[in-house]
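Both complexes shown next keep chain A, but they swap its partner, so chain B is in the first and chain C is in the second.
For the complex of A and B:
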């Protein structure tokens, strides 16, 4: 177990290093902005003293390294300051938007993983069947077609042509507000259906293809022969085999969630879903830099943490992995 | 993963012969790919796109930003497909077909440049990192970890909105995003290659690090690099389209992503399908054709992927 502990420590140090690097890259990037933040507020009516007082207040007159240290400290404690335009601390906005993004991707992920596992397991078990061929071909197609175009198509057909579903947003005007109220409301699910299905159509291909190939591997194992010798039904044997084939899926899901968190900006824009990606796009268009900075940081952090989870789970769930 | 074969008597063969052997091996690889049905279809579509890109000045009836005027000298806005404009016009009166053809040029340029750049960079880093090991490996691999930690689309949006958006910047960003995968894969290949007898033989024959690395090890990882060039073209085109669609592309070129962005902003999804579908379908067909090719390549290397 000591080997594992050493691995965990090393992995955490690496995480800290990468976070520090990303924070530093971001600091340099936002330093490169033309003008300083006062430029956005200040108009000709401001006297030089007023500008200076404002700069003093924001610490812009301090030496760069002091600003850097303060910046890193603030970022690490999630103190993102105030938005230039929305009268709210950025940290609150971020919490809100992360929740909204999760409201789109978590249901889609659950459906993708559960359904994908089932389909992939059966496809792998029935190697060479028409079902396997159809599954693999469909998965590869869905995997390679750009999902934002699928989103646009879905919107054109189901929202604009057929008018079956709303064209965007998370709830309708005057819809439910609180988290649980929303989840309990029909309105939210109706709005989720279209972006959710588009997301599933892409994300389901990962578990399907993965489960299929890992099933092929498990299928040749000796323990299945023993089960067969015990006289278990085909159905029970598939269950046993699937449980073993699931191992690589656990880490895959963690990584996939991280990538999805940053990659679904496109769907949030297409379906006007008020998530963190859309917030970043709007903040950049409005020059609301505290919000943009925080959104970029939060998206990077979520991905990094999920990758960490994936790496650590790998050793925990599969006892065959050693770290010595 | 790859079927890397140690070349026969590498220490004795001259560099020219070495190169000839490598080329012959890849040529036979192409023949194997052409036996694959999906790969052939993919290749045919790619050739079609290349032809469209090269012949765009001859084929396109209008320039990428040229406004179409009707017989009454008025701008032809949002005209549905017809004899005059085969794929209709945009809200600014530009010919969709022409934009589509010019867009193929941009897609090809972005795809090729970003793929070549990233694979060159990634292969170099992977080779050096895997071959020398030690602190060089440590530094380069931590750099790779950092590159993996940067979320591409958000990061690229921030950079392009701080700097002036240009196609060159988009290509650089894609390279920055893509090299890391190649670097890791090539490095792991080199780790196993450098312990093979032919490397010892080369060393015993007095070859220096540079010679061993570039003449003896590099040719063996080239098939993988080629695979990543193809994957890079696909990813590069996708990323440029995504970035442009979000409104962070170069407004001075007409790419499929820029077209989709303009159509989306103008609400063409409601009213002008002929403006939305062509760029979307072109992008999908292009990306998928390359995917078909790379998938076939991977299936040849690893038959287990195939559904028989």
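For the complex of A and C:
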């Protein structure tokens, strides 16, 4: 297991390096961004002294390398400063938005992966069947329809025409607020239903198509013949095949989660879901630098961590992977 | 002698893009209890297809289209799936081609052997564990390696583990389908010795499928020579000591003789016929140095040439002359020229 430990250490060092790169690139990008951050709250009527005092206050008069070091230090300790517009530390806003985004994507992710795996495995196993053909056709269709289109369509039908479901938000007015109260409430689930289903309708196609093709590959394996010759039940044989077919899914799910996490700008806007994607767009429009920076940073971190988890998990589920 | 396996008029057809290919076209043979039968022939002659049919693992495009496979009184072609599942591994087991990845890569060897026991017998965990250790010892593997994954084994070890797994339920019949392909020569010998030992010591009935005439000569009691889906010759040791069929003569030429190391190896030129559209007459005629017009028109029947020894050739009456001429490489070179 020492090989494994060495691998983890190496992987963490690499992670640190990538984080540093991301921080530096972001620093440069925000320096290059047109417009001065002070322009947001410095009025034309301010005297030059007042402007200077503001710059002093925000540390904008310091040499660039001092600003850079301070910035890196703050980011690493999750001290994102204060929002220009919301009177709240950005760290709190981020925690809140991350949680909200998770409240939308995690249930959709679980449903997509579990259901998609089952459907894809069966489709691959029953190659050439009507079920397989229907599954592939439907998946390709759902995969190619933009989610904002499906989202708006779903809104139109179920929220505005039929009026079965709320049109947006995480909970109704005066609804529950804490995380656990929300999860326990019917209100949250009713609000989640539309965006959740729209999300699933798209995200489920990945695991389905991947599992199907990976199952087709496994189906050619010799060991399945031996399992059959051993007199095992069909059910046991499919279990063996699926276990083998699952290997590529692990990496896929990690990448998919990362993309989901940062990719819900459109759905969050359509369904008025107060998530991190919507927050980022809002912050960029408002030139709310601290919030935009923090949102980008958090998204990058989540993606990096998920990839790390996938790499480590891969060794657990595939005994052939060694860390030497 | 009671028969363990009785294959009668077996026909197996593959659906291919070009049409139906009859890989096995009317093959019959029996294996008596405790017998070691060798089934030889070159690639594509249908020998592995027969092994797959016996175990019911033909690929999806292959089907038994005629004949019977009687195993201890049960017709394996028509048996109900539940009954077949019960018979598999408990009564008839397989040692697959070693080049084949017979083990599931994500489970340990022990798990996979154990799985076979649990599918057929209700034994306490300690008894199963003891059985696995016993079998590993039998094939010369260290019991501490039971918890290893297949990829941690070398090719030879994997094949030994495969033999151990085949024996796990003490089956009546063991089918070994080219068990030594892809292994180096020394390991090949060890594997074959293990199989022979199991046959001799435990009195198992064996069916060995191989392309190697020398292996059969060394190990088997009886032999079936197949060519292009048909039996050419079938009998006891006499088949390789004094062959009657030109194809067997050719096969014997193609492998080194232990007693006569200086003998030149001669190959049979040409390739087996197209099974989608097989030629009329004898299937070997196109490559046979002794073929006449009659061979290309009428298919020769299997004729008993000695008690328990049959061959399918129109020219059995001139067997002495054929044996004589078959020793001369020029005979086969002339046939090779004719093939071209």
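One rule holds in what follows: the second predicted complex is superposed on the first by the 292 of 324 C-alpha atoms of A that agree within 3 Å, B and C clash if a C-alpha of one lies under 4 Å from a C-alpha of the other, contacts with A are read in each partner's own complex, and residues count from 1 in each chain.
The rule is short, and it goes like this: contacts are C-beta pairs under 8 Å (C-beta built on N, C-alpha and C of every residue); 3 or more make two chains touch, one makes a residue touch a chain.
Everything numeric in this text was worked out from a predicted model, so none of it was measured.
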{"item": "Clash or fit (per the criteria above) of chain B with chain C on chain A", "value": "fit"}
{"item": "Cα-centre angle that chain B and chain C span when viewed from chain A, reported as a multiple of 10 degrees", "value": "80"}
{"item": "Chain A residues touched - chain C or chain B, whichever exceeds", "value": "B"}
{"item": "Partner chain(s) touched by A:194 [first = chain B, second = chain C, both, neither]", "value": "neither"}
{"item": "Which superposed partner A:227 touches (first chain B, second chain C, both, neither)", "value": "second"}
{"item": "Touching partner for A:240 - first (chain B), second (chain C), both, neither", "value": "second"}
{"item": "Chain B versus chain C as contact partner of A:211, first or second or both or neither", "value": "neither"}
{"item": "Contacts of A:320 with chain B and chain C, given as first, second, both or neither", "value": "second"}
{"item": "Chain B versus chain C as contact partner of A:137, first or second or both or neither", "value": "first"}
{"item": "Contacts of A:263 with chain B and chain C, given as first, second, both or neither", "value": "first"}
{"item": "Least Cα gap, in Å, left between chain B and chain C after the two complexes are fitted on chain A", "value": "14"}
{"item": "Complex interface listing, chain A residues touching chain C", "value": "221-223, 225-233, 236, 240, 243-244, 247, 317-320"}
{"item": "Chain B-facing residues of chain A, complex", "value": "14, 17-19, 21-22, 25-26, 29-30, 32-33, 123, 127-128, 132-133, 135-137, 140-141, 143-146, 148-149, 152-153, 155-156, 160, 213, 216, 262-263, 265-266, 269-270, 277, 280-281, 284-285, 292, 295-296, 299-300, 303-304, 307"}
{"item": "Complex contact set, residues of chain B against chain A", "value": "142, 145-146, 148-155, 157-159, 161-163, 238, 241-242, 245-248, 260, 264, 269-270, 273, 276, 280-281, 283-284, 287-288, 291-292, 295, 304-305, 307-308"}
{"item": "Sites on chain C touched by chain A in the complex", "value": "52, 55-57, 84-90, 93-94, 96-97, 100-108, 115-116, 119-120, 149, 151"}
